[in-house]
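In the two assemblies presented below, chain A is common to both, partnered first by chain B and then by chain C.
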Partner chain A sequence: RISSDGKPAKFQPPPKPVIIDKQKQREERRFLSPEFIPPRGRTDPLKFYIERKDMIQRRKVINIPEFYVGSILAVTTADPYANDKTNRFVGICIQRGGKGLGATFVLRNVIEDQGVEVCYELYSPRIQAIEVLKLEKRLDDNLMYLRDALPEYSTFDMNMKPVSRLDHEEIPVNKLQVRMKPKPWSKRWERPKYNIKGIKFELPEKKMKEAQKWSQPWLEFDMLREYDTSKIEDKIWKEVSEELKK
Partner chain B sequence: MMPIWTKSGKKHAVTLLKVQDCHVLRYVSKEESGGKTSKLLVGGKNVSPFYKSESAMEIFKEAGVPRKQKVTTFNVTDDAIIKPGTPLYAAHFRPGQFVDVTAKTIGKGFQGVMKRWGFKGQPASHGQTKTHRRPGAISTNKAAKVYRGKKMPGKMGNIYRTTFGLKVWRINTKHDIIYVNGSVPGHTNCLVKVKDSKLPTYKDYNKNPPFPTFFADGDEKLPEDLYDEEIFQFMDPSVTYA
Partner chain C sequence: QGLLRRSLSHSFLSFASITGARQAIQKLTRVRVVDNSALGNTPYHRPPKCIHVYNKTGVGKVGDTILLAIKGEKKKALIVGHKMPGPTVTPRFDSNNVVLIEDNGNPTGTRIKTPIPYILRRREGEFSKVLAIARNFV
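The block that comes next holds the complex of A and B.
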């Protein structure tokens, strides 16, 4: 091949192939459900071990998927008073609480202009299926402020289709800043103790400065409040993943 | 404490009690003790033998057992006597039985009358001078004295109390754990005494218990977990209503 100059074209080496080792990427991301991590206290570790055995047993029967606060879930439970004895509820997870078998999560949705929140227990035998329709994280761990936000941020279609995503992708963080209804709110969300990053505060600067009066800057340096869970998490993750593979 | 679900989907709260190194220490006959029935001394958790005098350690030496933290008595009929030195296990109880649990309550120290006895106190405002949590009047004019046992401030807690009629939901024979319905007096990891219930409503429920006790070296081989009939076991599929 001769270029327009008349000289032979310079050899362009082909682009080097980029090898994405999918197995390695999958192993790197480990998710341990937060209710497995034992709280700090003087209880015997034997109690947590026995509780974990029961939790793993239940997970072998029902698949409890990985989800975070801010992901949209659909839960089917057994309901004795419904026509076909099942009840399906779709909502955004605003809070995950409790440790061990009593772990709960709260789903919020707005149905016919009425905000509805349902608190489900993860290990309750009445739950028949938990599907994750959209897996994503939000800027905060606790989305209780959606109660005081405009209803459009909490409405989700009951017949929503699950959003497909690839396995090895990182979980997307939705940096949505929510607009609020006018004050008064159920809690003073502008105060630093809630540490909320997901609200677009349209309050005057004076109010925001006044709210900073309640800040406790010494809290992050308090050594007695430190609870390093990395080693505990590693141990529990190994135990749980081995048991679930069996 | 842990949640437990029944087959109909109802949730109950359950306390876990561990049977930690229990041995029978001594048999005291009816005439010796002076009561109506003979007694068996039973010891609890193992502790170090070095901090007690020789005379106190005699009971443990006779039974051939390490020193126990707590020694309690059980009134036993003559056909239920066990030889001193036998270990006692959680399998002594079976799911479906009813049980009384005794323990020392959490010590709250010196407490005022509102917390200790539940008095209502006085209003916070409307002219009350320095009186918001006080007992008020302690007796009448005619009595001209204060009766014995008048409820007054004092040390609260750290006394033995019993909860009666607790159902046993599940027994773990491998780790010797008894799952008992509801709450139990005492703080976490405190020593607790578990007896068959004395309530008349549960007289018939304790049918065919392992009598006089469950012997580990006997012929009976129990599965690791014993469940009550109504409990939802996590191996089963989810609850559905017909």
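The block that comes next holds the complex of A and C.
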């Protein structure tokens, strides 16, 4: 190219290639297990601090992996009445409850046409290993409606192989809409208080409209019910990650 | 790219319990017979119901004997699983399961396909024959 002066243009070096370092990107995504976040209340934060120390101690002994409601887990517990003294159960996590050392999660599976649910405590010393066979999220935080869904949605093979996934990928959200058994259900899942997005409701329009009568649209704007955990999460995340590195 | 998740959770779901109703086995509960005995598997116009629980409290849990009314007859049975959640590592079944038993403790059927909780092994002496015909354990 010749510039307006007639002299050859100044040498422009080619633009430097931008190297996206995937390792650095990986560190940006962080996961803090929900039982670390203290519930809203007037208890002394010292109690939660001591509990967190005990939880971290336990995590140094056993690896409690990251999992969400909707992931498929395999848990081996010590059982004095079993052959080999160990008991392995595979199931989908339908609920995570409790805070601190009493945190629990419920696994559901259908074995020989019989639905079985087992509630495990994350920090119980009886648990020998927790494996995540398939890490994924679902559209809801609570999958209790699987009890009233067709059994094919809760059946998982006991000898399932773990599904491999790359470290830096986003956790996949399974947008599965589950088909239900005919009514009556254990809870009226169509009502807005459960706010379930993962069911394919095949109910008539009239019933869906009638269910909306129980909606409480003001709850979403109620400021006294808000619990902003972002700052608490940041603090606890820093504390926990430092302790775990030691 | 990785995103920092900020959570602003509304705590109105904390008191709306999503768990279903809890039931243990007492008088007049309909039960499901899980062994392959003739009495348990032939259809009848009325489901088998519990009429007595051999317990100080009238509530039967896993490992308790109950009296069933099946096909117009009285029969003893052993509870092997109920819908009520129990201690944390024990399984909770989606139906109230029961195995038909004689007065001396021998099971009527010859095979149990549905899973049985390991807790029953604690009373190996009384239930050894039932545990021997069971195939799956949870």
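Going forward, the second predicted complex is superposed on the first by the 226 of 246 C-alpha atoms of A that agree within 3 Å, B and C clash if a C-alpha of one lies under 4 Å from a C-alpha of the other, contacts with A are read in each partner's own complex, and residues count from 1 in each chain.
Keep this in mind: a contact is a pair of C-beta atoms (placed from the backbone, for glycine too) under 8 Å apart; a residue touches a chain by one contact, two chains touch by 3 or more.
The shown structure was predicted, so the numbers you read here are calculated from the model rather than taken from an experiment.
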{"item": "Simultaneous placement of chain C and chain B on chain A, clash or fit", "value": "fit"}
{"item": "First (chain B), second (chain C), both or neither touched by A:Asp44", "value": "first"}
{"item": "Touched partner set for A:Tyr227, first chain B, second chain C, both or neither", "value": "second"}
{"item": "A:Asn142 touches, of chain B and chain C: first, second, both or neither?", "value": "second"}
{"item": "Which of chain B and chain C A:Lys193 touches, first, second, both or neither", "value": "second"}
{"item": "Between chain B and chain C, more extensive residue contact with chain A", "value": "C"}
{"item": "Which superposed partner A:Asp79 touches (first chain B, second chain C, both, neither)", "value": "both"}
{"item": "Touched partner set for A:Glu112, first chain B, second chain C, both or neither", "value": "second"}
{"item": "Contacts of A:Leu101 with chain B and chain C, given as first, second, both or neither", "value": "first"}
{"item": "First, second, both or neither for A:Arg126, with chain B first and chain C second", "value": "both"}
{"item": "Closest approach of chain C to chain B (Cα atoms, Å)", "value": "10"}
{"item": "Common interface positions of chain A, toward chain B and toward chain C", "value": "79, 121, 124, 126"}
{"item": "Chain A residues touching chain B - in the complex, by the definition given at the top", "value": "41-44, 46-47, 50-51, 54, 57-58, 61-62, 78-80, 85, 100-102, 121, 123-128"}
{"item": "Chain B - residues contacting chain A, complex", "value": "2-3, 5, 9, 11, 16, 18, 172, 175, 177, 188-189, 232, 234-242"}
{"item": "Contact set on chain C toward chain A in their complex", "value": "1-4, 6-13, 16, 18-21, 34, 81, 85, 88-95, 97, 113-115, 118-122, 136-138"}
{"item": "Residues on chain A engaged by chain C in the complex (per definition of touch)", "value": "25-30, 40, 77, 79, 81-82, 87, 89, 95, 104, 111-121, 124, 126, 141-142, 144, 147, 168, 186-187, 193-194, 219-220, 222, 225-230, 233"}
